[in-house]
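Take a look at the structures listed below.
The following pair of complexes shares a single chain, chain A, combined with chain B in the former and chain C in the latter.
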Partner chain A sequence: MSSNFYLLSVIITLPFLGMLFVLSAKNDEKTGGRNVYNVSLFTVIANIVLILRLFSRLDVKSSALQLVERFTWLENPRIDIVLGVDVFSALLLLSIHIAFIIGFIAVRHNRIQQKSMMVFALLFLSQLTGFLVAADIFSFYIFFEAMLFPVFMLIGIFGDIRRQGIMYRFFLYNFLGAVVLFLATIILYNYQNGAVEISKVASLSFNGKIEHFMWASILISFLSRIPVWPFHFWISSVSSSIKNPLVFIIVNLIPLTGIYGLIRFLPQTFPASAAFYITALEIIGVVTMLFIALIGFINRDTQYKFFSYITVYYIMYMLGLLSKNNLIMLNVGFSFFSYLIIVAGLEFVSSYIRSQQEKLELGTEGLLCPVPRLAFVYSFLVLAAIGLPVSSLFLNNFLIISSLLGNNFSLGITVVCALVLSSGALLGDLYRLKDNSAFCPEKGCIMDISKPYFFFMAFIIFVLIASFIRPLWFLGM
Partner chain B sequence: MFFVILVAVKWLKTNKMLVNLFILLSLLGGISFFLPKDKYSRFFSAILFAVTAGYALQLVPAYQVGAAEPFVFHWIQYKSLHIDINLSANQRNFTGLLPLGIVLLFALFGNIFSRQETRRLRLGGLMCVNLAFLLLLLCANNLIVLMMSALLIGITTLYVINDYEAKKTYIFYDLISDMALFTAFAVIYSQFHQVELSVLTRYAREGEHIPLVAGLLLLSLLIKNGLFLFHNQLLSFRDLNFNRLIFLSFSSLPVVGILIYEKALPLLSAFEYSRLIIASAVVLSAVYALGGTLIYDDIKEKTLCFNMLFWAFLYALSLSTPQFSFSACFPLFLLMLSLNGLIHALSAAASDEIYMSRMGGFYKKLWLLLLFFIFWFAVFSAEILSWKTLSPLVRFEQILFVFAMALALSHFLREAFFGVTQADEIVSARLKILPYVDCWLPAVLVCGWYAFFRPEIPFSFLIMFAVFLLLLVLHPLRRLAHYYADEELQLSEFFKRFYELVLLTPITVLGRILWLTIDFVIIERTIINSLSDVIKFLIRISQKIHQSSLLNYILLALCGLGIIFLYVGR
Partner chain C sequence: MLITFLPEIILFCCLPVMVLVRIFRTSATPKTYFTLSKYFMLFSVLLSIILYNKSELPEIYDNSRYTTLFKSLVFLFSFVWFFLAYRWFLHEERSSFRYFMLGICSLICLNVIISAHNFALLWGALAINAVMVYFLILRRLDEERIFVVAHRYAGFAAFFLVLMAAGMAIFYHRLGNLNYRDVFSFLHQSTDIPQLYLYASAMILSGMLFFMAVAPFHFWFLDVVRYSILPVGGYLTLVPGLAYFAAFCAMIVNVFFPIYGHFQQPLIIFAVASLFLGAVGANGEKNILRLFAYGSVFNIGFILISLITFSADSLFSSFVYLLVYLMSMLGIYTVFLGFKSQGRYVFELREFAGIAKLKAYLAAAFLMFLVSLIGSPPMLGFLGKLSVINNLVLEHHFYLVAVTLLSLILMANAYLIVVKTVYFDSPIMNFDRIDKSIYICLTLNLILVVISLVQPRFLMSGFERMPIRVF
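Up next, the complex of A and B:
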């Protein structure tokens, strides 16, 4: 493939094109939304093929941005759009797409607002992909903010009865983040008289107050996306109110954007003026982690337990990346790869159980007893989620936690405590579902997942195990 | 299946011995997973046993000549971390593997005939995979492989346990144990960025957090071995059938615990309180286990207590011997396995009766089994008492251990074989001299093997054997039988309730307080509601300003002028 083939642009555009196709589809009543669904699924699969192609063109040993594409957007004022990718962002791209496939499979039989869901999901995917390959502050800012629109719409459509309040919180927190990042972008633009590449932000010099203000703005904008106190509240509200698995997966990708922003803006040698904020961030992060893990441990709502698990891991990754260890970034990437797939898989299984349970009006105890296929998949995913050696979480979490312990011992120990609590919460929930003392076949049993679903999940399990054996198994490395 | 196995074995012959074994066991585990659950399960289980036994026989000559074949697989090659999997065939690894291989064969053999087993083939596969992971653990020469194999054995154990309550109890203990091990190794790695096992010795010299790391390791190991305070998970195996119970007792976490302990000894000995902690755990475990063997009505629980006594003895040995090695204790290990087999045979002979209170008077029909028990004790005590020891302390521990076993076993045999029978009429009528070959044959073979190769019989053995016979005749602890009816004691849920009170309740209360105060009171009711009120207030003002009245026009004009003047003034 020639170098002028704009692979990154195509990867961003393809979901957008898919969205346009879906948008132009007629009401699709005859096929029950099948056309819309198939187009969406095909779009994501096609993008996965392109991402794998992208991997084959990457030098995985290099940590620099590769396959850089430059476009001049405006001549005066001069704004260039720069796209680029490294192994870390490519891994995230791949796992996000796999998570989307899991989400799509989970909503296969959904008949409510299928078209709107697919349109906004594809729009979000396109924007998230753009965000992950953005290498300059303008495109980064645009994608960072634009992706909130489809999420806002999805929450509005698929949220439960409390959705008005939740959308209000969502708007409130994210608006704050948007405004401060906009100010930081303006400051950066003014200082440089043009667009700035993200990797160079940390090396720019500003006068004292401006520098403090800029870094504070950047950190607040990213924190508004990460579930650290008090910003966790909007995500926790959304997570426990959303029953649609695809929307749940999408909403829980929002914190990823905050973490990714921190990684891009705060590379290994962040400026001295940001040091204060980093310390504050570590303290807030670790306290939140323990707090959310505790609440997740006592809460009986499975969605909240997932939220608690997701939060603990996101914060662990954030703290790992702040530990100034150059080598940890790729480990975080490897761990993220499995983590995103596991979360999507758990939501897939959990939403299936929930829908069956609501249909038959059953309690949660003992639901998994008569369904061996579902029980196997759920158990495997929980075991993978708690970091046992069945996915890349195991080894890479070990290295991340070692790095945290090396950097700040008490912080590392607190992180481990939070991990134990969130793992205990997931296991507790699993064994509540498996409690055969509460299982009463006369009341009715849920149906097991169909063989095609099972084989699909078996494939996901294979992907996870392969990532444990070799993190870049799909490249034969 | 035949074809796959044959091709695999043929291919494997070209490679290294232990690697072959690892691949063969993994392959057998994998194949058995895909075979039909119930159809021809005995037949396939027999094939599983035959293939494993066949390969084990091939290894025997290599073991005898002390064959050495280095094999290292470079698994992970990160910038900062290189992990190798070492499966070199050498005398040390062979010696470690031998007893574990016998346990597997013992269990696979039992699995063919087991009458209580419903998932025979799946269990056989899991057993094979479990040994593959144990092999990794035995040969591990770095922290990651050691931890990985321990965790993988934890997973296979989880799947071997087929009882809900036992699984639930086990998984939480195992989580704590694994996280403790994980954290201890992470702390070590964070300081030296080295994963080779030699780093444990280095950490013992230069480590920054030795008390914490040693404490975490001890916590992990004591849980894995199910010693006192952490025995609930092992005692919960009472709800499994005998074959699974025996396999788990001798091929899963307790073995993992003792193997890791052996490798981590240099580090543990650097912590001043290690000895005290281990000694306390040993004494308390021994007392608890001895009490359990005497008081519990369920013979599976009694069996688990016999095993607990054995693990406690091994830890006690490790404190008294300068160079503790698990493989040196394998005769004892296999003899304990045989005792489990004989107890299983007793239960099987009594139509799978498991309660002591429903036995008694079995000697008329099961006299041969009784003789096997007595023969077992003779071999066992001769084996232990003939150990040449340097330390008088070890001698004392040996005698104490044999005496405890004599006390517990004599009580057990008296209750089961003598006195007035409490058994059901049907059970009594069905008693056969030696009903099920799978239960007693391996046990008797092991005992026979050791009896045959015992060169000398120490004098102390004769005394101890006489004591045992005396205890059997006198039955001094007969009064303890009335505890069989004590429901509270038999359920043994004290420690479950203790942990709920000490650990779970505070966490739950703290979590609820935090949830209510921080999430609801501070964020929802204070921050968000205040912001909401402020916005409502601003909207109200704005609405008022925009009402069509002269005063509002003037107010707006003044505001605009004010901003202009402010801007010009700058």
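Up next, the complex of A and C:
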């Protein structure tokens, strides 16, 4: 590849082209959706190869945006689309693609609306990739809003009987957030007399009301994606209504966009006027966290426990970011890498268990006893998820909690309580599934995962362990 | 003088030719009339472009880049819609003679409306066009209510035409003629404009707002689109709006600009009323044609709110929005032509249930145009929304930005109800085979949308200079 090769544009475009191929692929009973599935899987794998190529061209020691591509999109008003990437966004790109692969493998035998699922999944992946490499406010906003549409369609197609209400809730919260960000983008654009690069937003200074309005808009738009009260209704409804693992993974990537936005936009030093809002946000965040962790602990539904776990962690990241600790900011990228893969892996395994359980009409107790491969994978992922030293999540939990305890002890303790509760929920679930005393072979056993699946998951486990030992292991660093 | 009106004269020549064809050709089909219209329209638009600055009567009839741009667009949208209308008549096995005759007459009037720089000429063209629209509405034969709708339209059109005429008479009484330039000079030179002339101006403008279907003058539009045949509803949605927009802008800028401050607040109120009436009305609507008619009222409000300051930027942004909106609506109406069950076109929202499962490509195109109308990126509608909101922010109309975006959310909800019905509900009926021409038109429209999206310069290049010409 030549030095002027538009690698980032290609990484965004490839899933979109894959989507077009999927649209033209046959999805009849004869092929059983194989064409659609293979094209989608191949697209994501091809993109992973490109992302690895991207890593080889990155200066990982630099925090600046690299491989910058610039296109003039509009003359009047003058809008340039600027793309760029740093190690943080590149790591997110890689983990998201791996999460997609896990999601695809989880829906390997799905026969319901396979084509629609793959079309919208690839469309979402293309837009999420664009969002993560957007380097100016306009392209950031465009991808921020554009990714809502495929998710809306996926919820509509794969939601349960309550989907109608859930879709509107999803639309109302997220579209409102996008509209607010649109307004902030336009004001920023005009305030600066031209396109503003995201990296410069944090250092911009405004005057009076504009400052209040700008930061309020930006915060609201990102919070609408993070499951913090009163913005959490949509995601809790969606997560409990979606049974399709790929769609569940996609829906739970939406809060990531809010966290990523906060990381990119938050000012290096908060204006004095924002202090009250930050404190209020911390209180709301921690109360939501504790409340959802408690519900997750009490609830027996595994899907809800996952949602509770995901929410608690997203809020913890948000609180960590608000503490403005540079070490945490750096670590969040490495942590997200493991976190997204763990969430996708857990959803893959649990959806497999759920489908087997429903097929054989079994209870959950002792279900994993006769299936060693599945039990190993599930146990490892749960242990990694709760922050034991088997993935880069361990370091992140350690850093965030120590930072929060140092800054505000009561806040830190509450966060620890929420983490303990959500970890307890996952461990409780694992204990129930592996409870030998409740295992009754006469009732029947679920099938273990096949060897190819096991080797695939073993590879994922290897990636997680490697990320714990050396976060940038694949670069030899 | 001849050269000034040559494009209109050429178009006029189409009428006797059509009559002769009707009399002497025994097998005159919709295709015959469409072909005739096509060639005359093509010739007329070519002449409009060649003679773009030839006007021997500049005081009453202006030929400029501005008018040529709008005339070309009127011809372009008419051409596409006439093509689809001819397919409709072919499938319905109905005579299209009157439709094309009235359509061509209406096009001549719209050309005159765009170029008119004299109130009498404008009024005449508006009046004749209203008559043409009246007869076009009556083309529906199987609906008794159509007479009520047509007569109501005629009644209100006559009322507003009389109102306009009264306003014009007041100016005529004072100036002795109705040329834009003279009225402008009078309003510009007077330091203290008597109330009478303000009322006269309001009367004229209210007539224009009626024809543009701006709330609260929009009531005729909803029923006309709902009850008239699809080729007429589509024509009234897509074509006259361009001419009225051009005439309205030219009138404000060239005549009423000195007293525009008096009308700014009422126009803001009308624009906001259009936004909310359109959005709220669409949310409660079960008939798809009326739903999109409400959508048109909403979009007119959006355009008007962008026009509020009548600066070069506001004119350009509203024009971009209008163009993007019309492209989307053309796509939507093309899709309507494909939704046919047991030989009957379906227009009730519940009948659209689950179409995506039966007509995937059509539903996908429908979805793309709906997303474009919502103004969500990456669809073309985002360009229009961006253009308008950016202009409002530039002019520091922050409260209008808030109102506009709030109404946009309401409107988006109405479109999402349609998306939900089309994609997530279970089908209740089977659909007929779709005409290939509909697929061709949709594909071309989508290609145009994609090109405009990737390279908006193709869409906007040259148009940026458009406001310079109107001032």
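The rule is short, and it goes like this: the second predicted complex is superposed on the first by the 464 of 477 C-alpha atoms of A that agree within 3 Å, B and C clash if a C-alpha of one lies under 4 Å from a C-alpha of the other, contacts with A are read in each partner's own complex, and residues count from 1 in each chain.
Convention: a residue touches a chain if its C-beta (ideal position, glycine included) is under 8 Å from a C-beta of that chain, and two chains touch if they have at least 3 such contacts.
Quick caveat: nothing in here was measured; it's all calculated off a predicted structure.
**Student:** Overlaying the two complexes on chain A, which is it for chain B and chain C: clash or fit?
**Tutor:** clash
**Student:** Could you look at A:L17 and tell me whether it touches chain B, chain C, both or neither (first, second, both, neither)?
**Tutor:** neither
**Student:** Could you let me know whether more residues of chain A are touched by chain B or by chain C?
**Tutor:** B
**Student:** Between chain B (first) and chain C (second), which, if any, makes contact with A:I142: first, second, both or neither?
**Tutor:** second
**Student:** I'd like to know which partner A:P77 touches here: chain B for first, chain C for second, both or neither.
**Tutor:** Second partner only, chain C.
**Student:** Of the partners chain B and chain C, which touch A:Y168 in the superposed model: first, second, both, neither?
**Tutor:** Both partners, chain B and chain C.
**Student:** Give one of first, second, both or neither to describe whether A:I157 is in contact with chain B, with chain C, with both, or with none.
**Tutor:** A:I157 contacts chain C only, not chain B.
**Student:** Touch check for A:F182: first (chain B), second (chain C), both, or neither?
**Tutor:** The answer is second: A:F182 touches chain C but not chain B.
**Student:** Can you list the residues of chain A that touch chain B in one structure and chain C in the other?
**Tutor:** In chain A, positions 168, 172 sit in both the chain B and chain C interfaces.
**Student:** Which of the residues in chain C end up touching chain A in this complex?
**Tutor:** 316, 371, 376-378, 382-383, 386-387, 389-390, 393-394, 401, 405, 408-409, 412-413, 416, 419-420, 423-424, 456-457, 460-461, 464
**Student:** Name, in rising order, each residue of chain A that touches chain C in their complex.
**Tutor:** Against chain C, chain A makes touches at 73-77, 127, 141-143, 145-146, 148-149, 152-153, 156-157, 163-164, 167-168, 171-172, 175-176, 178-179, 182-183, 186-187, 189-190.
**Student:** With touch defined as at the start, can you tell me which chain B residues reach chain A in the complex?
**Tutor:** Touching chain A from chain B are residues 76, 78-81, 144, 147-148, 151-152, 154-155, 158, 164-165, 167-168, 171-172, 175-176, 178-179, 182-183, 185-187, 189-191, 209, 507-508, 510-512, 514-515, 518-519, 522-524, 527-528, 531-532.
**Student:** Using the touch definition from the top, list the residues of chain A that touch chain B in their complex.
**Tutor:** Against chain B, chain A makes touches at 168-169, 172, 229-230, 233, 236, 291, 294-295, 297-299, 327, 330-331, 383, 386-390, 394-395, 398-399, 401-406, 409, 412-413, 416, 419-421, 423-424, 427, 431, 434-437.
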